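Encoded as structure tokens, here's the structure I'll be asking about.
Letters are used for the chains, namely A, B and C, taken in the order the chains are written, and counting of residues starts over at 1 for each.
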């Protein structure tokens, strides 16, 4: 393609004349990220709690989740191909898997970092393990888990763009189609949109996270 | 009443028992201090009462009921529990912390609110100010108070306290100790009080259980512990200065027999002068209209310019309550730089004074 | 990816209490980790390459899976990672030191905040942005990867130095050490484990980002994966995926034990 000459006015023009397409891509992207993070949160928090409560689970889950993270995203998406095929499902599984580690790890370390004296006091006062879970552990670990969810969301917004390559839709389409058609304006639009969404989500989630922490201290 | 009967605790098989064959009876309404070096089994013994630790052998009876037959959760809900680290829940307000057990016991919301305020007031924490605060905004001493209030919430007949005043500095600790003793006179709980500090044990305990390597070495009143230590270990623990230790045992109220006259703020200096001359320490107390001790007038103040008491009186840096020990009285005398210390009641109304001489006499008599 | 993406080693195991066989197994791995895991990964990579080249499983696969081709892509991948992160270390460590000098301290947030924001920009977006500016090719990829791994290292360098207890610096100054000596003898050694953690994170993330470089024509193991996806040949995907994953694990472990060594020292 070579260094192409264009102006930012072209990008603006592209955005305004392709609004519907862009909105559709954004909705696809949001759809994918949303369902993946919901799954990731449910599975991740469950595994995090199981790991904190049962050492053998931790010994399996934590190293596994960590190795997961070292697998390059395009590689994971490729590996999943024979199992879940092309399209939305592939993206969903890949994004869910990537969202797990930050959530599991933060849940696990958050639970482990609750001061033993707090738990001893709760136990000594007659709270059952189940009540301790609901009244003490969950509220205490919430901001830490939320920080993990924040990391996960920002990360999978980016990986969602890569999943576009296997037909999961979303803003990555702009980049890959732009490369294929040699249209720098499309590539740039895609890159800018994805970046802005990731930054925006990070800021919003960071704000909520600070609120959660402030509420507790 | 709490009774340990041949209680033994072995943590893992083949190791030395953490507690071996412990027999203690703690009468209703008394404080039993368990004291000894770390690892002596005192905390372990305490934690077997509310079944935070299981009992390997033997039984613990609470009001003649074997505690292993009571469901641990309901057992613990009826036993107050205070630990050194306090363990306040950082995500809850002070009110919610204090209310923890009440919520577990499903008290009605209104009654919980009322009880929480009552407890905060009892512990000297103005409910309006502290109810909605978080633990992180409190000082160490205030946290300890909340910890005690939380343990007393459901008015449990028994309290377990593991170094409850261990996390604060000396001055705050002395105050908390005195306050708690005053409180105990009103509430008469049966209390196991674990400490490694023999002075604290002597001051707080009705009975003292000295433990060493899981075994009970001596179980007696503080007086007996000081006068007839069971063996060299106890003697060393109690230390050489037993007369000084005895200062912890005697309350100011026990030896208080000196009256000091009082004058009002609006009285003339002439009226005060008469009292100053007659008084053994050459002072007269100055009280407010409500009878609160505001300060004093001595010979130095009399020489100053002024017509009325309020023009020249001076306030005391420190005063003590009649619940304080002679040891407290002595240290206030040193810090005030006087050979006597003013004694007041709970409302800071003057009760009289204790002099250095009184303290000497009390310790000598005891010998 | 953001900072907390890739380091969990520390949280997994603390050897205490009674040790169950499973735990002992993992502690064993942890202890022999510095040698065992990288060696195993290396061996696995070699075996995988030999096996795949000899058993491509089809005519199309065979055309792509030959030693010359696979080793080229492997070499390209390593070059992308090492040159990218090497350049990032050389630029961001001095930059991190510079922005933490007393004279610069009040400008630190001016650099830190944009860096934190930039770090949330996805790798693919960075590659794409650079593609539109510099065009296709290896150099564009290197440049993008350099910028991408610059951020975590810069941040760890600056927070590592800023995290040093002020008392330590003051003590050093009180003893008459010059600022330059304080930097060399106190600040850098104390911040080194944290800088190293940043380098590790950056490098492991880079292995993944480098796999995307194929989209802008820079080759690497991503080429194998993407070709596999395009042609629907699982063998190619697996070969590329496993090789790059093993490379990431290898670097993660090597740099991780280097970090641990620096921390313990």
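Criterion: contacts are C-beta pairs under 8 Å (C-beta built on N, C-alpha and C of every residue); 3 or more make two chains touch, one makes a residue touch a chain.
The model shown is predicted, which means the values in this text are computed figures rather than measured ones.
Asks: By CA centroids, point me to the most central chain in this structure.
Replies: Per-chain C-alpha centroids ranked by distance to the global centroid put A first.
Asks: Could you tell me which chain lies farthest from subunit C when each chain's centre is the average position of its Cα atoms?
Replies: It is B whose centre lies farthest from that of subunit C.
Asks: Centroid from C-alpha atoms only, then distance subunit A to subunit C, rounded to Å. What do you get?
Replies: Averaging C-alpha atoms per chain gives centres 20 Å apart.
Asks: Between subunit B and subunit C, what is the separation of their C-alpha centroids in Å?
Replies: Those two chain centres are 59 Å apart.
Asks: Taking each chain's centre as the mean position of its Cα atoms, how many Å separate subunit A from subunit B?
Replies: Inter-chain centre distance comes to 54 Å.
Asks: Going through subunit B residue by residue, note those that touch at least 2 other chains and give them in order.
Replies: Nothing qualifies.
Asks: For subunit A, which residues count as touching subunit B in their complex?
Replies: Those residues of subunit A that touch subunit B are 115, 117-128, 131, 135-136, 139-140, 215-217.
Asks: Would you mind writing out the residues of subunit C in touch with subunit A in their complex?
Replies: 1-2, 4-6, 8-9, 11-13, 20, 22-23, 25-26, 117, 120-126, 128-129, 131-136, 204, 207-212, 215-216, 221-222, 225-226, 228-229, 232, 234, 237-238, 240-242, 244-245, 248-249, 252
Asks: Spell out the part of subunit A that touches subunit C in their complex, as residue ranges.
Replies: Against subunit C, the touching part of subunit A is residues 1-4, 6, 55-56, 58-59, 62-63, 65-67, 69-79, 81-82, 101-102, 105-106, 108-109, 112, 147-148, 151, 154-155, 157-159, 161-162, 165-166, 172, 175-176, 178-179, 184, 187-188, 190-192, 194-195, 198-199, 202.
Asks: Spell out the residues on subunit B that touch subunit A in their complex, using ranges where they run on.
Replies: Contact set of subunit B toward subunit A: 47, 50, 52, 72-79, 81, 83-91, 100-101, 104, 134, 136, 147, 150-151, 160.
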